[in-house]
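Several structures are given next for inspection.
Below are two complexes that have chain A in common, paired first with chain B and then with chain C.
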Partner chain A sequence: MMRFIAGRVLYGVFTLWFLATATFFAMHAVPGDPLASEKAVSPEIRRNLEARYGLDKPLLTQYGIFIGNMLQGDFGISFTQKNRSVNDIIREHFPISAQLGVLALLWATFGGVVFGAVTAYYRNRWPDYVSVVAVIICISVPGFVFAALAQLAIIGLNEAVGKDVLPVAGWEAGSFRHMLVPSLVLGLGTLAYLTRLMRSSMLEIMDADFVRTAKAKGLATTRIFWQHQLRNAILPVVTVLGPAIAGITTGGFVVEQVFAIPGLGRYFVQAVQQLDYTVIMGTTVFYGAFLIFLVMLVDILYGLIDPRIRLAPEKLRQKGGPV
Partner chain B sequence: MSGPVLSIKDLAVSFRSRQGAVNAVRGVDLEVMPGETLAIVGESGCGKSVTMRTVMGLLPAHADVRSGDIDFRGEKVLQQNTAQRNRWRGSRVGMIFQDPLSAMNPTMRIGDQIAEPLRVHRGLSRQAAQAKAVELLEKVGVRDAATRARQYPNAFSGGMLQRAMIAMALACEPELLIADEPTTALDVTVQVQVLSLMKALQQTSGMAIVLITHDLGIVASMADRVAVMYAGQVVEYGPVDQVFRDSLHPYTRALRNALPGMHTGASHLPSIAGQPPDLRRDIAGCAFAPRCQYAMTACHQQAPMRQVIADDQQHGVCCWLHDEACEAGRVYRGERT
Partner chain C sequence: MGIIPAHMTRLSNIFCLVFALLLPVGALAQGVDAASKTITLGFSSEPPTLNSMESTDQVSSMILAHVKEGLLRYDQHGELAPGVAMRWEVTETSARFWLRRNARWSDGKPVTAHDFVFAWRNALLPATASQYAFILYPIKNAEAINRGELPATALGVTAVGDYELRVELERPCPYFASLTAFMTYYPVREDFFRSRGERYAADAKDMISNGPFMLDKWVHGAALSMAKNPYYWDAQDVKLNRIDIPHMTSDPQAMFNLYRNNSIAMTGLTRELLGKAVELGYPIRSFETGAVYFIEINFRPERATSNLKLRKALQAMIDSTVLVNRIIAIPGMHPTDTLFPRWLKGVEKPFLEEYPPPVIDHSLKRARELMREYLDETGQETPPPLVLLTGENPLAVQQAQYIQYLLREGLGIEVKIDRQIFKQILEKMRAGDFDLVTAGWGPDYNDAMTFADLFTSWNENNRGRYQSEEYDRLVRVAQGTNDQKVRMEAIAAIQQLIADDVVILPSYENSGVYVQDPRLKGVVRSIFGGDPNFRHAWIDDSHPAAAAGATTP
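Let's turn to the complex of A and B:
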C-alpha cells in the first residue's frame, strides 16, 4: 500500500510539473499583453511594471523563476488586482468553489446510486424509460442552459409564492439557500451519468452467481441489497469519481459565472480573459494539484472497497497454488 | 423419520424466450429420502439444475412453473412467497454451486459470509456467529481457520473455496444439501477430497444430499440412488447398483455401454450419438425416440408412462419396452445383462 501511494505521489508531481510547464508556454504563446489594461502608461512606468513582474527577462529565465517560486508555494501577485497575491485569491475564493463542488458531488453520487439502483429494479418498466429520457437530456444539454432555466424557475417560484423563497443568484457565506440550486445544476450532468453507470452495473450484479447464493442462504431481499449487491455494484461508480470530480470542477466555472458566485472558478475565467498571467498559472497549478490529490484518494478508496485490488499481488501468488 | 424429505411431483418449468417457450422441465417426479444421497445425471441441458433451482426458488424472472407440486417436510414450496421460503432456505436446506469463486461475494470476508446464515436464521450475535464460522471452517478442513475467515474469496484456491461454500451451506445443519456439480470446476485430486468431505459430513449429520453431476464414477462412489434425466424428464431411477447393472432405459444402457470402466475411475458422462430434442417444440412421443435404436411406432406417437419394475418398488423406468403388452420389449428385457 505504501509503495502504491508513493508511486502515485511521484506520478502526480510529474503530472503537475508537466501541467505547469505546458500552461506557462501556452500562455506566453497567446497573443496579447497582460499590461494592456493599464491605461496610457508611460514607457517608463511600463518598464517598471515589466521589471516588477520579470517580463523583461528572457522567457526561459521567467520560467525558472516561476517554477522556483512555485516550489516555495508562492504564485506571485495578480496583474489586474495589484494589491492581492494569487495565494490570497485562492485562499479566499477556493473554499466557496469547494463548498459548491462538494455539495454537487454529493447530489451526483447519492442521486446516481439511488436512481441507478431503482431504475435497475424497474428494468424495462416506466420508471426506467423515464430515467433513460431524463439522462439523455441531462447529459447532452449544456450546463449553462440548465443554469438559466433554473433561474427562470426560481423567479417563477418566487413570484408565485409572493416572497423570495430562493435567491436567483449571489452568495452568502454559509447560506444553504444560496448553494442549493447552483449545486444541483452543477451536479446534474454527473448525476445523470452515474445513474446510467449504476443501473448497468446493478443489472449485472442482480444476475451474479453470488446474489443467487445469497438467495439460497435465505436472506431477505433488503439484506441482499445492502450486504451483497450495493457494495459490488458501486465499484464502477467509484472508479469514475475522479473524472466526475474534474467535470464538476470545470462545470463550476460556468455555474459560478451564471449565479454570480465569487468562487475561484469565476476568478480563473476572468483571469484568462484579462491574460492575468500569475492568476492563470496559480489557479491552473492549484486546480491540477487538487484534482491529482482527489484522484489518488479515489484510488485508495477503491482499494478499500474492493479487496481484489488491495490483495492483487497475493492473488497472483496464490493462483494455482496448493489447495 | 419416515417419508421423503423432499418430494417433487409432475414438475414442469419453462422459460419465456423470443423464439417461444423453452420447456426445460417437462414433468419431473423425484423423492429424496432422509439421510440418503440421490444423484441426478443426464446430458447438459436436460433440466437438472432448473429442477433443483425451482426447489430453492432461484429461477430467473422469465421462468414459469407450469405445473407440479414440491413438498419439503410439509412446506408447499411452490405456493410460498420469498419470505415464507426464507424460513427454511439456507437453514433447513443448503445449496452449493459449481463455481465457488463466482458463487461467493468478492467483497465480503469468508467468515462473514459463513456467519451470515447463523445470524439471520439462528439469531446469533456477531461474535458468536464469527466464532462458529471459524469452527465450521476447521470442520471442513481449512487450516488456520481464524486467519482464513478474515480473508476474501480471492485469497482462496478453488478447492478451499468450495470447502468454505460447504461450511456456509451447512452452517445451520440442514436436513437437505443440494449440490449442483460441486466439483466440476475443481482439479481431480481436489474433487475427491471435497466429495469425501461431503460424505463424512453426511455421516455425522444424517442429512440427505441431492448431487447433480456429469460424472458416473462419482455417482457410483457417492450415491445411494440415482435419477437419470433426459430432455426435462426422469427416464429411469433406482438404487445405483441396480440402475447401472440392470439398466432398463435404452438411454441409460447407451450411457453405460459407452463407458466400460465405469465402476473403476472418474468418468465423465459419455456422449452418445445424436442430439437432444429441441425443447421449444412439443414432443409428441418419447423424447428419446429419434436417438433410440429400439424406437417403435408407438414411441413416436405417445409418451411412455413411468413403470416401477423391481419387486421392492424401487427401480422405475419410462419406456414402452417395459410395457406388459410390448412384444419387442420381451426380447429387450431378455437381453438384459
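Let's turn to the complex of A and C:
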C-alpha cells in the first residue's frame, strides 16, 4: 500500500510539472499580453511596465524564475489586481468555492444515491419515468438558466412573505442562507449524473447472482438492499466522486457570477480573458494539484470500500477468496 | 498554503444555521435605507487598484472620486467647481492654485500643496509605470521625467508654503484646471504613502481619504463600504452616511434581480433588461457616457482600406442612423457623422453648434459610383474582401453584422467578421491585422483635444496608423495657444479633415440606461470625475415608495 501511494505521489508531481510547463508556454504563445490596455501607452511607460513585471527578460529566464518561485510556493503579484499576490487570491477565494462545492456535493451525492436507488427499485413505473425526465432536464439545461430561475423564485418568495427570507445574491462568510440556493443549483447537474449512474449500477446489481443467493437464503429485503445491493452499486459513484469534487469546486464560475459569490472560479476565468499571467499560472497549478490529490484519494478510498482492490492477489488466495 | 480558513463552516454549524433559517428573518440591507442614510449598490468588478497614481479604470475612478478630491472637482451639474483649491488661475505658461485651509485628511491632518507635488512627481517616476502618466505631460519636464531623462525634482511644480501651488507648463494648456480633477492629479500624502510601502492602497486600512467619503471596509472580490468622512471640508453638504457595496458580479441579470428584490439602489440595463424593466413599469433613466463609437480603419499601405476611394465608398454606404435608431434602439444613443460629441464646448456655445459636422451624402448611388471608380483605379474586377475586427460586446457585434450586411448587399464586399476577446483585439490592432475594427473613445478631460489628438502620428492609440502632416499641424496649432477661437478653428479643420480623408466611420454617441430607486435623489451621472457620484445624493423619505415599504420601486 505504501509503495502504491508513493508511486502515485511521484506520478502526481510529474503531472503537475508537465501541466505547469505546458500552461506557461501555451500562455506566452497566445497573442497579446497582460500589459495591453485600451489606452495604449508610450514605449517608455511600456518599458517601465515590462521591467517591473520581469517581462523584459527572455522567456526561458522567465520560466526559470517562475519554476524557482513556484517551488517556494510563490506565484507572484497579479497583473490586474495590482496590490494582490496570487497566493492571497487563492487563500481568500478558494475556501469560498470549496464551501459552496462541498455543500453542493453533499446534495448531489446524497440525492444521486437515493434517487438512483429508488428509480432502480421502481424500474419502469412512474417514479422511474418522472426521475428520468428530471435527470435529462438537469443534465441538458445549463447551470446559469437554473441560477436565474432560482433568483426569480427567491424574488417571488421574498415578495410574498414581505421580507428577505433568502438573499437574491451575495455572500457573507459562514452564512448558510447565502449558500443554500447557489449550492443546490451548483449540485444539480452532478446530482442528475449520479442518479443516472446509480440507477444503472443498481439495476445491474439487482440481477446479480449473489443477490439471488441472498434472496434464496431468505434474508430480509431491507438487509439485501442496504448490505448487498447499495454497497456494491455505490462503487462507480465513488469512482467519479474525485473528478466531481474538483469539477464542482472549480467549475462554479457561472453560479459564482450569478449569485455574486467571491469564489476562485471567477478569478480563474477572468485571468485567462485578461491574460493575467501570474494568476493563470497560480490557479492552474493549484487546481491541478487539487485534482491530482483528489484522484489519488479516490484510489485509496476505493480500496477501502472494495477489498478486491486493496488486497494483493496472493493474500486473497491464502484466504481462499475469489480471484 | 493554508487553504482551510478559520471561518469554514463545520457540519454542526450548518445544522444550527438550518434552524436559524427556519426562524423569521430580519430584513436584510435595503437598497435605500432612509433611517441610517445608507444606500446599497452592486459593482461589476473589484477595483483593480485604488492607488490614484496608477488607476485607469471606471470602477476605481468611481470609488476614488468619493474618497479623494483633487484641486478641482465636478459639482452636481457636472461643472468644474473648487475642490481642495478655493481659486486658481491658468495662463499660457503657468498655473496657480490657492488651497483652502480647512481641507483635511481622514486622520485630521491638513491637505497641503506638498501632497500634490508628491503625488505628481511619484506618478511620473519610471518605476511607478503609471499608464496615465501622459495626462501630467502638460506640466514642465513631465515627459522627460517619465522617460527617465530627468529626476522627479525637476518637475515644474512648487509648493509655496503649505497652501499655494505653482505649476509651470510645458506648453499652453487652457484646460489645465480641469485636468486637476482627474484621479492621477489627486493628492497623496508622503508620510502615509511611505509608511505603507508596497501595501499602499491595497486594503481599507492602507488608504487615507480627503474626499467626502472614506473607505472603511474592503473584502477583496466581495464587498466595499464607504462611510462619510467627518473631516471633509464640506461635510455638512454630504447627506449620505454610508455607501455599501456588498455585491460584485459582472452578470447584469443578477444585478437586475437584486434591484427587483430591493437589495440595491440602482443598476444599469442591457437591451434585454431594458425590455424587462419597461414591462415591470420601472421608470427608465438614461445618461451620456461621453464616449463616441466608430469604425476605425487600417491605413497600412498593404491594406485595401488604405485607398481613399474605397474608404469614400464605405463612408457613403454606412449611415449609422438606421443602426442606432432601429437596430440598437437604446434611448439616448445618438447617431453621428463626426468624432466630436455634442457636449463638447466650443468658443461660446457647444462646439458642434458653432462648427456643425460636415454633411456626408449617404446614398447607395453615390457609394456604388465611388466603388466603380475605386475598381477602375486599381484595375480590379470585384471588390476585395475585408476583415472587420470586433469584440464580445453585443452592441459591437450587432454593429458588425449590420455593416457586413450593408456592404455585401450594397457594394458586393464580402466582410469577414473576426470576433475576438478584448486582449486579442488589442493585439491584432497593434499588429495591424484588420481592415476595419469596431472601436470607441471615452474622453479623459473636458476639452476637444481629448478626441482631436487621437489620430496624430505620435499617438499610440492611433492603431490604424493614419498619418497626415496637415492633421499633426492642426493639432499643434490647437495645442499652441490659449486663444479658444484659434483652437476651435483648428479643431473644426480637423473635423473636416477626418471626413475628407475618411479617417474613421463615426457611428454613435453612447449612452447608458439604468433604473434607480425613486427615493434616491441627487445622484450625478457625469462624463468626468467618476460616475455615478453620490456626493450630493440624498434619500427622500417623503416619497410614496418609502411609506409603502418600497417593494416595487
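In the analysis below, the second predicted complex is superposed on the first by the 298 of 323 C-alpha atoms of A that agree within 3 Å, B and C clash if a C-alpha of one lies under 4 Å from a C-alpha of the other, contacts with A are read in each partner's own complex, and residues count from 1 in each chain.
Note that a residue touches a chain if its C-beta (ideal position, glycine included) is under 8 Å from a C-beta of that chain, and two chains touch if they have at least 3 such contacts.
The structure presented is a predicted model; accordingly, all values stated were derived computationally and were not measured.
Undergrad: So if we stack both complexes on chain A, do chain B and chain C clash, or do they fit?
TA: Taken together on chain A, chain C would fit alongside chain B, as the superposition shows.
Undergrad: Contact-wise, after the overlay, does A:I45 reach chain B, chain C, both or neither (first, second, both, neither)?
TA: second
Undergrad: A:K82 contacts which: chain B (first), chain C (second), both, neither?
TA: A:K82 contacts chain C only, not chain B.
Undergrad: Can you report the vertex angle at chain A, computed from the C-alpha centres of the three chains with chain B and chain C as the arms, to the nearest 10 degrees?
TA: Between the chain B and chain C centres, as viewed from chain A, the angle is 160 degrees.
Undergrad: May I ask you to name which of chain B and chain C touches more residues of chain A?
TA: C
Undergrad: Could you tell me if A:N158 is touching chain B, chain C, both of them or neither one (first, second, both, neither)?
TA: second
Undergrad: Between chain B and chain C, whom does A:Q62 touch in the aligned arrangement: first, second, both, or neither?
TA: Touch status of A:Q62: no partner.
Undergrad: Now for A:S200: first (chain B), second (chain C), both, or neither, which partner does it touch?
TA: It touches nothing on chain B or chain C.
Undergrad: With both complexes overlaid on chain A, does A:G170 touch chain B (first), chain C (second), both or neither?
TA: It touches chain C, and chain B stays clear.
Undergrad: For the overlay built on chain A, what is the smallest gap between any CA atom of chain B and any CA atom of chain C, in Å?
TA: Superposed on chain A, the two chains' closest C-alpha atoms are separated by 29 Å.
Undergrad: Which residues of chain B touch chain A in the complex?
TA: 56-58, 60, 82-83, 85-91, 94-95, 97, 99, 102-108, 116-117, 120-121, 152, 154-160, 165, 168-169, 187, 189-190, 193
Undergrad: Can you name the residues of chain A that touch chain C in the complex?
TA: That would be residues 30-34, 36-45, 48-49, 51-52, 73, 80-84, 87-95, 98-99, 103, 148, 151-152, 154-155, 158-159, 162-165, 167-171, 173-177, 179-180, 257-260, 262, 266-267, 273-275, 286 of chain A.
Undergrad: Chain A touches which residues of chain C in the complex?
TA: It is residues 1-5, 7-9, 13-14, 17-18, 20-21, 24-28, 42, 46, 48-49, 51, 54, 56, 126-134, 146-148, 198-203, 219-222, 246-251, 253-254, 257-258, 260-261, 263, 421-424, 426-428, 430-431, 459-461, 463, 549, 551 of chain C that touch chain A.
Undergrad: In the complex formed with chain B, which residues of chain A make contact?
TA: Checking each residue of chain A against chain B gives 207-210, 212-221, 223, 227-228, 231-232, 235, 305-308, 311, 314-315, 318, 321-323.
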